[in-house]
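Two complexes, one shared chain (chain A), two partners (chain B, chain C).
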Partner chain A sequence: MSLSSAVIDLIDVRKAFGGVKAVDGVSLGVQGNEFLALLGASGCGKTTLLRLIAGLERADAGQILIAGQDMTSSPPHVRPVNLMFQSYALFPHMSVRDNVAFGLKQDGLHGAELSARIGEALALVEMEGLGARRPEQLSGGQQQRVALARCIAKRPRALLLDEPMAALDRALRERTRLELINLRRRLGISFVVVTHDQEDAMTMADRVAVMDKGKIIQLGTPRELYDKPGSRLVAAFFGESNIWDGRVAPDGRRVECPVLGMALKTNVALPHVAEAVTVSVRPERISLDPTPLPDDNALADATIEDVVYLGTVSTYLVRVPHGALIRVTRQNGSQPPLARGSRVSVTWPADAVVVLTS
Partner chain B sequence: MSATTSPAIHRVTTGLPFLWLIVFAALPLVLIVKISLAQMHLGVPPYTPLLGLDDAGENLWRGTLANYRLVAGDSLYLDAYLNSLRIAAISTALALMIGFPMAYAIARAPLGWRTPLLFLVLLPFWTSFLIRVYAWIGLLRPTGLINSTLLWLGLVTEPLKLLNTEFAVFIGMVFCYLPYMLLPLYARLEKLDASLIEAAMDLGATPTLAFWRITVPLAVPGVIAGCLLVFVPAVGEFVIPELLGGADVLMIGKVLWNEFFTNRDWPVSAAVAMLVLLALVVPIATAQVLMARKAGEAS
Partner chain C sequence: MKAGRIPFAMLVIGLAFLYVPTIVVIVTSFNDSRLAGVWTGFSVRWYGELFSDRQFLGAAANSLIVAALSASLATGLGTCAGLVMARHGPFLGRTTFLGLLATPLVLPEVITGLSLLLLFVTAEQLFGWPSGRGIGTIVVAHATLAMSYVAYIVQARLQGMSRDCEEAAADLGAPPLKVFTAVTLPLIMPAIGAGWLLAFVLSLDDLVIASFTSGPQSTTLPMAIFSSVRLGISPKINALATLLVASSALCLGLAAWVQLRRGGKLVPG
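Let's turn to the complex of A and B:
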C-alpha cells in the first residue's frame, strides 16, 4: 500500500468504549478511486471505524490520514469526507434544498454558485423536482437520495456510507446497489460502505474488509474472499460452504477428515504434520459424477438425502458413509436431475479445497 | 379512537373531562362575566342582580358596562397591567436563559443521570409554594443570609436593599416557575436525534453553529410551551410580588386582590379579571391557530 495513492490511510487505529475494544489495531488504505466495503456482524466495530474516519469519534491510538494529511485529532467539520448516516439524519425543519444547501453554505458558497451546486447534486440523485419538500413528505428511498445529495454536493474526497441499504426493501436494495456503483464511477471518488450484508459487499465493492471483534480479519476483492477465504468466519460469511475439521496427514500433503473417512488432496501448502486444520469446499465445486478423475477427491456410496430446487440450480444434501452431510449445488437444465435416495459418488478437484487458518 | 371501544365507554371517558371543564371552568367564567356586569352592593352577595323587576313588574336588564369603563379609564389598572406584562416577560426570558442550558445539559447527560437530575429540579415542588417564597424573604432581607454574608466578608458596609424590589420579584418568579420552563424544553431536547448534530458537523458546521442552526430551531416548540407555562401565570401572579416586591412593585394580581378583599368591589375586580383573561387568551389563541395552520401546511 503506497501512501500517495491512498485517500484514507488508517495506521494501527484503536478505539475502546469503557474497556470494550471496538476497533483494535486496524490498518487500512482506501485507494483514491475505489469502492471499499467494511463487512461484519453487528458489534464488530465497522461503524465505529467509519465514525473514526469521519471524526465523530476520537481514536485512542493510531493515525488517520485523509488526503495525505494527518487528521487523527481534527474535528469532523474540517475533514474532506462526508458520512451518510444509517438514519439519513435529514434536518426535519429544512426543505430538501436547504438540507443540501446547509453543507455548501459552510463552504462559503452563495448566490448562483450555491444554486448551481444544489441543482447538480439533486440531479445526480434524480431528485430535482422535490427541492421544496420537507423530509417527512418523502419516501424512505427518496430520503436516502437526499442524504446522498447532501453529502456529494460537498464534493468530498471520500463518501462514507453507514448501512445504506438497511432501511430499504429488497427490490429497492438491488436498484440502489447499481445506482451507488454508477454514482461512484461518475464522481470518481472513493466510497467506503459499512454493511452486514455480504451480498451488498460482494455486488458493490471493489475490495472488502471483513471485520470481527474490532480487527480486519481479511481484505481482498470479493472473488478472493469467496475463492480463498482465510478463516472459517469468512468462508461462512460469503455464501454457502462445506467446512470440515481435520489434521495434516503423515505425508504432509493431504488433510485427514474423520467425518469424510478420507485424506483430502489439496494444492495448497499445509502446516506441520498432525496439526489441526479446517478445510472448506464450495458446494458448486463438488460434482456427483460417477467417474472421478485421478487427481480428484472422491467418495463412493453416498446417498442423496434431500434436494432443494432453487430455479437455476438445485442444492443436494448428500450423506457419505462416514457420516458427513455434504452440500452440493448443480446447474439445472444442463444436467439431469437426481432423485432423493439415489446412490451417487461425490467428487471434487484438489484445487477446490481451501485450508482455513482459523 | 379504536373501533373496539364500546360507544358507552367512549361517551363516559370523553364526557367526564367535558363535564369537569363545564363545572369548574366554563360555569365560574360565566359567573365572573355576570358579576363584572353588575354593580357593587353592600350585602350578600355584594353585587346587584342582572335581571330585576321594575315598578310595573316588567323584567328589566340591569347589567352595565360601567366597571369596564372605570377600569379602562383609570391609568392605575393599565399601568399595573403593563407592569405585569413587563415583569412576566423579563421573568420568562430569565427562566428561558437559565432553563435552556439546564434542560440541554440534562438531556445530554448519561442515561442513568437524567432521572436523578430531573428529580433534583422537581424537588422544591415537594414543599409548599408559600414556604419557598417565604424562604427567600429570609435570604434577601437586610439581616438575611445574603446581606450578613456580604457584610461579614466586608464586601459591603451596609446591607443592600434586596427585599421589596423588582429584583426580588424576578428571583422569586424564576425560582418558582423554572421547572415549568425546564420540563417541556427537556422533553423536546431529549427526543432530539443526536445524529442530526453529528450530520451538521460532518457537513462542515462547527459545534456552535450546529447548536444554533439545528438544536435551537428543533427546540422551538419546547421553548414556546415553556414560555407560555411561565408567562401566563406570571402575569397574574399575586403571592410573589406581594411577599417579595413590597409596595413598590405594582402588578395586576395585587390590584385584583385589593379590589376584591380590601375594597370588596367584586364587580370591578371581576372586570379586571376578564380583561386580563382576554388580553392573555386572544394573542395566545391567535398564535396557536397560526402555528396549527403552519403545521397543517407542512404535512
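Let's turn to the complex of A and C:
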C-alpha cells in the first residue's frame, strides 16, 4: 500500500484517556474511493480512531496524514474530512438549509454558488423540499439525511460516519446501507464508517478493520474475514461460527477436539504436534444426514435440541454424543424440515475447517 | 395523581405560611382606609399617591438603573465563569475557583456589604476611585453577588448539553471563535437570559448591600421604603410592595419560562 494512493494514512497512532489505551498503535491506510468499516464491540477504540482522524482528539503519538499532508496536530476546522456524528449534531437553532450552508460559508462561499451547492447536497439525499424546516420537525431518518448533506456539501476528501445506523429501525437500516453505497460511488470519495454491527460492515464495506482493545486485529475484505478469520475473536465477531478448542493430533494432519470426540480432517497446514489450536466451522458448511464423502468429517448419533426458523434458513442446534452443541444452518424449501428430538448425523468437508492459532 | 388528605393539608399550611403576609399586603394596598385593619372599600388612591411622590419615583428610577446595569455586568462575567467551569477541562485550582464562585451565594449579605464598603473606601484612598459612593458602587456590589448565580445557571446549561454541536461546527470548518458565536452562544442564550433576569430581581430586592455601598444621591427603592417605614407605615408602601412583588414575580416567571422552553434546568448547580 503506497503512501501516495492513500487519502488517510495512520502511522502507529496512539491515544490514551487517563491511562486507558483507547487507540494502541494503529497503522492504517484508507484508499481513495474506498468504503472502509471500523468494526468492533463498544469500547474497542473505533470511535476514538475516527475522532482522531477528524481532529476532535489529539493523538498522543504517531502520525496522521490526510491527502498526503501531515495533520497530526492540525485543528479539526482545517482538515479536509467531515464527520457525521452518531447523534447527527444538527444545529437546533438553524433551518435545514442553514445547517447545510454553515460549512460552506466557512469556505467563503456566498450568493448563487452557495445556493447551488446547498441545493446539490440536499438533492443528493432527496431532501430538496424540506430546506425551511427545523431539525426538530424532521423524523430520525430525515435528520440523518440532513447530517449527511451537511457533510457532503463540503466535498470532503473522506467522509467519516460514526455509527450511522444506530438510531434507525431495521427497514430503514437496510435501505440506508444501499443508499450509502450508491452515494459513495457517485461522490467518488472515501467513506470510513464506524459500526458495531457486522452486517453493516459486511454489506457496505470494501474492506473491514476489526478492532479490539485499541488495536486492529484483522484487516481485509468481508469475504476474507468471513472465510479466513485470523483469530477466534474475528471468527466469533464476523458472522456466526462453531468454535472448538483442540490440539494438533499425533499424525500432524488432524486436530483432536475433545468436545466432539474426534480428530478433524483439515486442508490447511497445521502447527507442531500437540500444540493447542482453535477450530472454526461456519454453520452453513455443516450438513445434516447426507451420505459422507471419504474426506468429510462426520459424527453419527447427534440429537436436534432446538430449531430456530428464520424464513429463508433455519438454524438447528445439534448435540453430539461427546457434549458439543453444534450450530447448523440449512436452506428452507429445498430440504424437508427436521423435527426437534430427531437423530441425525452431522457432516462437514475438510475445507470448511478453519484453524486458528490465537 | 391522588394525594392523601394529610399531605395536602400540610402543603396548604406550608404555602399559607409563605404567602399569607404577601396576600395581606396586596389586599391592603387596595383598601380605601388609612388603617390596615379596617376595610372601607376598594380603591386605587394609594397607587395614585405613590406615583405623585417624587422621593419614591426617584428611588424607583435608581433601582431600575442599578438593576439593569448590575444584571448586565453580572451576566457578562458570570457567563465567562460558567463557560470556563463547564467547558475547560481540569486546570490547576479549578476546584478552588468553583468553591470561591459559590461563596457569595452563602455569605451573609451584611458581610458582603461591609467588605465591599471597606474595599471601596480603601480603593478611593489608594487610587482615587471610586470618588465617593453612588450608583456605580451599588452596581459593582450587586454584580459581585449576582454573577455567581449567572455562572451556575450557564454552567448547568452547558453541562446538560452535549458537545456534539460545537464539535460538528469545528468539523465543518469553523474556527474556535466562530464556533462560539455561531453555535455555543445561541444554544446557551436561554440560560444567559434567565441569568440576567435573576440578577435583575436580586438587585431590585436588595436592601442590605445597597445600604452599605450607596451614597447620598443614590437611594434605591428598598432603602426608601425601609426609611419611610421607620416614620410610620403609609398605605402607599403597600401599593409599592404590591408593584414590586408583581414585577419580581414577572421576572422570575419569565426567567423560568425562557429556561424551560429550550429544555434547560431550572435550578442552578
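As a convention for this text, the second predicted complex is superposed on the first by the 357 of 358 C-alpha atoms of A that agree within 3 Å, B and C clash if a C-alpha of one lies under 4 Å from a C-alpha of the other, contacts with A are read in each partner's own complex, and residues count from 1 in each chain.
Definition applied: a contact is a pair of C-beta atoms (placed from the backbone, for glycine too) under 8 Å apart; a residue touches a chain by one contact, two chains touch by 3 or more.
Owing to the predicted nature of the structure, the values given are computational and were not obtained by experimental measurement.
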item	value
Combined model on chain A where chain B meets chain C, clash or fit	clash
Which superposed partner A:154 touches (first chain B, second chain C, both, neither)	both
First, second, both or neither for A:83, with chain B first and chain C second	both
Touching partner for A:134 - first (chain B), second (chain C), both, neither	first
Touched partner set for A:91, first chain B, second chain C, both or neither	both
Contacts of A:75 with chain B and chain C, given as first, second, both or neither	both
First, second, both or neither for A:103, with chain B first and chain C second	both
Contacts on chain A seen with chain B and repeated with chain C across the two complexes	54-56, 75-77, 82-83, 85, 87, 89-93, 102-103, 106-107, 150-151, 154
Contacting residues of chain A [partner chain C, same complex]	54-56, 75-79, 82-83, 85, 87, 89-93, 102-103, 106-107, 150-151, 154
Touch list for chain A against partner chain B, complex	54-56, 75-77, 82-83, 85, 87, 89-93, 102-103, 106-107, 134, 136-137, 150-151, 154
Chain A contact footprint on chain B (complex, rising order)	193, 195-196, 198-207, 209, 213-214, 217-218, 298-299
Touching residues (chain side chain C, partner chain A) in the complex	162, 164-165, 167-176, 178, 182-183, 186-187
